[in-house]
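Structure first, then comments.
As written, the chain order gives the labels A, B, C, D and E, with residue 1 at the start of each chain.
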Amino acid sequence: MKQDFFSRTDVRGALVGLAVGLVLALGLPFLPGVGAGLALRTLTVCAIYALAAAGVGVLYGRLGLVSIMQIGLVAVGGWATLRIYHATHLPFEVVMVLAALVTAVVGVLVGLPALRLSGLSLAIVTLMVAGALEVLVTYAGFPNGGNGFLGRVSGGTLAVIMPRPGLGQSDDEFFRYVGVVVVVVLALLRWLLMVRPGRTWAAIRQGEAGAVSLGVNTVAHRLLALAVTSAVTGVAGALLAAGSGILDPASFKAQQSVLLFATVLIGGAFSLLGAVIGGLFFYGMPQLLSTVGLDGNLVFVVLGLGLVQAVTTAQAGIAGQLAELWRRLRPRLWPRPRREVTV
Amino acid sequence: MNRILRATAALGVGALVVALSACVAETDTGTIQGAPSADADDLRCGLGTGEEATGEPIKVAAVATASGGVDFSSSPSSAKAYFDCVNDNGGINGRPVRYEFGDDALDPTKTAQLAAGYASDTSVVAMVGDATFVGCDVANVEYEKAGLYSITGVGVPQACFESSNIAPVNAGPRTSALATLQYFERQGQADPFFAIGLNTRGNGDWVADGIEKYTQQAGIDLVGDVLSDPAESNFLPLVSQVKQAAPASLVVVDPAPITASILATAEQQDAKGDIQWACTASCYDAQFGEQIGYYWEGFVANSELALVTAEGEDANQWRAVMDEYADADAPRDTFSQAGFLAAKIFVDALLPLDTENLDRETVSEAVLGVRGYESDLLCAPWYYGEADEHHANHATRMAIIESGTYVELEGCQDVADPDMAEILEREQSEGLLTE
Amino acid sequence: MTALEISDLRIRRGGIEVVHGIDLTVNAGEVTALLGANGAGKSSTVLAVAGILRDTSGSITTDGTTIRGLAPNRVRRAGVATMQEGHRVFGDISVADNLTIASLLLPRHERAEAVDSMLDLFPEIHGFADRPAGSLSGGQQQMLALATALAARPKVLVIDEMSLGLAPLVVARLVPALRAVAERGVGVLLIEQFTSVALELATSVTVLAQGLVTLRAPAKELLDHPEKLTAAYRLTEH
Amino acid sequence: MNLLPFVVAGLVIGSVYALSGVGVLVLYRTTGVLNFAHGAVGGMAALLVWQTVELRMQPPVAIALGIAAGAAIAFLFGLVAGPSLARVDQLRKAIATLGLALALLGVMLFVWNDKARTMRLETSRISFDVAGARVNVTQLVCLALALLVVVGTLLALRHTSMGTSMRALASDRELAAVVGTNVRLVENTAWAVSGAVAGISGILLADQTRLEPAFLTFLIIPELAAVVIGRFVSLWLTLVGGLAVGVGQSLVSAWPTVSAFSTAVPFVVATIVILVATRRRVVTVGVVRA
Amino acid sequence: MSRLTLSGITVRYGGVKPLDDVSLAFESGVCGVIGPNGAGKTTTFNVLSGFALPVAGSVDLDGDDLLAVPAHRRARWGLRRSFQQEQVVRTLTARENVLLAAEHSGSPAADADRALDYVRLARPHRLGAELTMFERRLVDIASCVVGTPRLVLLDEPAAGLDPAESERLLGLITRIPEEVGALVLLVDHDMDLVRAACGTVAVLDFGRRIAAGPTLQVLSSPEVRKAYLGIDEEVTT
């Protein structure tokens, strides 16, 4: 069976993706023009948001759940990271894992009552939660070295900035650090999608009744999906906090969650490549537009229309269209006889 | 068919409206009512040669908040206008300034990113005319690492005034609020006092802290100190609190749009009463009086620099440069003056240098060396200098709305801030106020 | 006179062809029965005629007008009314309004009259004009469905599973009503599980099996030779 | 503390939420589209009114134009995207309108940015005291309009042929088509009507709250809360829901200790209602056949 | 020998009773459940798989009370089911589909391969989306025989298949009782298939049982013929 495992196209695709991801993560800073400064910083944040996008993508593409609160969860992850760091000064890696766990717990708690809902109701509830999280985060602010549970300094005292992780001090080191973390997390997620939980999620999406009759505990598996995607999103929050050492409620508005959801659908919710493209769109597009001198707000127009198009005509998004292109081109590029596999 | 026709007509009307709104009125917003008219000398920026600079460009940049709910781009816009004027007048000894600014969209992550971008681009010699609402702390980390210095146009959060590599030209919300408070104190109208602020990082709480400390020290009864959410739309609770507290005077430390909403609610509840309402420099905009309407006749605002109608060499030049080089609808406010002045300080610091050797190191040295810089836009000389805090502008003016426009209420007054002792001491001990 | 003409009709559902080229003619003033086992393609044919299934080829015409490929409302406007399976009515809307909706096809001044005449034609639902249609019994709902289909005076009436789930008494009431409809010159295509009912009403019978026509015969002939029918159903004893 | 001004303000904002909710509901019941762009359409209308008034247009004309623009935007979207939307499930329909909301928001921010703007309708300048609370004519208009629109919609749905067709579509879209209803025409009308209602509410909300693109766009959240309370069916309950959300929000804001959370009131209310309303859901046989 | 007994099952949706006091008993082998549309066949299956809760009645398989087991635990208990619309997950390979059934019924992965062997599906590593209708039906059957099922419910497994395919499917279904050891209930409209596969059949009509017994005997009874064909005795005789 092992041999079969590696001969499967999706496994090969995942391995290729892993390799390409690692090469990009480690190699991009060497490219001229990318090596330092704005472009690298932008790519770093794009990579981080690819994680949040992957969370949205897995929920929508694999379970058919619409979650419009992902940026709120990024904020939760960032908040937990800063809070834990300022309280304990543990190494960043430990803080990141703890923050991911906290985010998973929050995600599950928020989603638990909503899990029995499906479709539109869940979308509305998550949108409402995104709004509520925005209010909460604006009220509580992000910890910056102060006392008390909220950990905020105020008045005349200046904020304390969380230092970057030891392995990612400079910008290009930090990019590699983020790159490796993102690739590893995405690889874990991909692996999860190929084994039992992923199969089960696919079955739930195909049809609830069919899944139940196979013996699937749908609530438990939805809960698992919510926990996993929330944890992944929490990692994104942790990395974001590590990047600048301090966070601001202004970065985590409900409309950002809507925007992220749009980019994921445009990128393609059915594959992790789509999530990476979504992350690039979400954060890279505004940057790209402003470098060519266009108003950053035009991003909303482009993404909004893109979303309408993605929903009505191109369900698999850009990633789907790329895959289709690849399917058509491959036989021409590398013609080979079809192998018949029989058991 | 009839239905299709009707639909088409409706669409046509819609399209017409959209088209109308797209070409925003190019009316006479450029000139400022009541200001002296410009003369030709006002456009002799920098060397004033009248010849275009053609040498190798000098790269200068800025980070400002232009979108995301707050628009503070008037500072880099005026800096750009001034640089354009300088480039038309021989530049920096023949080398033009190439200026660009990045929009952080009210997101500190983005501020850090833009700052890092400019910091890593070693051809950027300095930051001039920045105006970020959120990210001085994260930006300073990047500047410090890269030995880059910013002559910031508008600093808002606390960190802009307490950073090693950032020195704002404006006075900041805390100073502006204290200035307003102290004006009322001088008028005998400050007791009891009420303060309204915005709950953004390093801004509202910092301002509130200053007001609390000062009122305590001065024995003023602070009957209210409210920070509101930037997304708040319902100012009724606030207005009702104000009504109940019945202060003698009140200061709003919010950006102009939010202040306008608060004032609208207050007007609706007819809450002006005997309270003297005022705002910090953030509402000091040539158009603000017209916007809030006749009800607010007598509304007071602080101005961190000279009034927009003031007569003076730099004030005149600012208006002339804006009319000539900036968009007609670019705001004419304190922050525009600040960006302009930041650019001017920068150009004046560079002109004496050896043109061949202009790099980040030499420019930083020159910028750090600025001291005792005098301008009629300022009340007191401006300086940079090596320090962990930069807060040169702490003397401001007051204005009042009469017939819909601001007129001067009080000239330059130094602002007392209990936390500013170190700055004042340094000004004296290092002789920063004289060149 | 031909009211509805179907020729070489092929229907695909979910990409799979379920009806493989059938021909069918419905004459005005007559009831034509379409019979066959479950899954033979009868309902697909109804849905294709009604314009609900659009992945079709071949031709469907009424009075020389092509209706294949038209949207359901255009098909209805062309004079072909359909009664879908399972006494489908607007459940949360009153009986009178159910009829009003159907009557909107008529000129404004004829609408109220059409509604009244339908309520008069079916006394069973007359008393419930203001009740939500969903609260009626299955038989009453089927009456209402029939009334709704007739309200705007169609030239062709297609009925899917008229007696499905209805008590025999109700069916006995529907049969003359339908006969009356045909006698007024409407061409009726009847899909019916109870062959006895179908044969009683119909002039001619077409049997489908697995998407193909397996038998076409006058109803009278089948009444005399029921074994032909069973053979066509493939429900034969081997 | 005198709570009356808060009750009045809450009723006024609540009535506009309700008004919006009715627009959302009519469209949802007729086309199955839950329009997340309702707030954005309203924002667009409000900004157009502001702009045309700036261009020295008579305010009544400007307002009429704004409402027409709201109707036109919604109608156009329905016309262009409607056929594709008819083919996808309700969730995707709603998501597509999120796209429209984003696009409209982008256009508004691009054209108008976030400068200080206030829109004061003439009627807001006339105010009087009612039992210690100050009320202006716009606020009375809001309340009256909400009632009027609810009653008017109910009457129109009952007594006009278009209204009857809309009810038919809401009840059973396929059956409606089969009995001859011109589905596309009814849907396009629903879009236009809902767009006009969005325009009216947008203009009123801009007068009562803030004239800011993002703010007006995301007012869809409390507006949806009203629809949720109406269980996506009842116009009266939507009216009650809107008023309840508005008053709740306003009263919470009157308490200094919790006032920071007043903006969260609609979210909490809507979430609770959704959770309670869908509490008893089991796997339905409908899913089996899907 | 396993024995499934449904006693007095009544299901109510609103005012409708899709099943009204139905009692059925099935004993080993392949048993048919037939009846016209809307007779309550699928509802019966839904009761057995836990999607419909009867308001009265009980279900017993060899002494086990099936209704006491939650829906998603019934697979582990030994229940398998296929639907009218096959439920093959398009985004998973055929083998993964069967593996899923194995995993959630508590069977080892090797059982999945055994089940695939049973249906002889070629190239099980193709995605569900790439399979033909017939192959999907095979995957469904494989999912139904994975592990150690006690009761297999097949709802129109032959819908949409051509005669040759139906034939092959029939072979697979009839082998289930002896090779896998489960009781099979089969709903189908294809009378040839029912006759060939089922030793006994139960006939439902209007939510009531109208006949039960050996297939040939039941199918030729006048009452069944009337219900099924709508052919009245007066007409046929």
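The rule is simple: a contact is a pair of C-beta atoms (placed from the backbone, for glycine too) under 8 Å apart; a residue touches a chain by one contact, two chains touch by 3 or more.
Keep in mind that this is a model prediction, so the values were computed, not measured.
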Please identify which chain has its centre, taken as the mean of its CA atoms, farthest from the centre of chain C. B
For this structure, which two chains share the highest number of contact pairs? A-D
Just the number, please: Cα centre separation of chain B and chain C in whole Å. 77
Averaged-CA centre spacing for the pair chain E and chain A, given as whole angstrom: 42
Per the C-alpha means, the centres of chain A and chain D lie apart by a whole-Å value of 32
What residues in chain A touch two or more of the other chains? 135, 139, 207, 209-210, 212, 295, 297
So which bits of chain D are touching at least two other chains? 109, 113, 214, 260, 263, 283, 285, 288, 290
What residues in chain E touch two or more of the other chains? 51, 71, 83
List the residues on chain E that touch chain C in their complex, please. 36-38, 133, 159-160, 189-192, 206, 220, 228-232, 235-236
Across the complex, what residues on chain D touch chain B? 1-2, 5-6, 9, 13, 47-48, 51-52, 54-55, 65-66, 68-69, 71-73, 75-76, 79, 109, 111-118, 120, 124, 127, 134, 136, 185, 188, 192, 209-210, 212, 214-215, 249-250, 253-254, 256, 259-260, 262-263
Spell out the part of chain D that touches chain C in their complex, as residue ranges. 161, 164-165, 167-168, 171-172, 174-184
What part of chain B is in contact with chain D in the complex they form? 3, 7, 10-11, 13-14, 17-18, 20-22, 24-25, 67, 69-71, 229, 231-234, 236-237, 240-241, 244, 255-257, 259-261, 264, 268-270, 283, 285, 288, 291-293
Chain E partner, complex, touching residues on chain A are 1, 4, 7-8, 196, 199-200, 202-203, 205-207, 209-210, 212-218, 270, 340-343
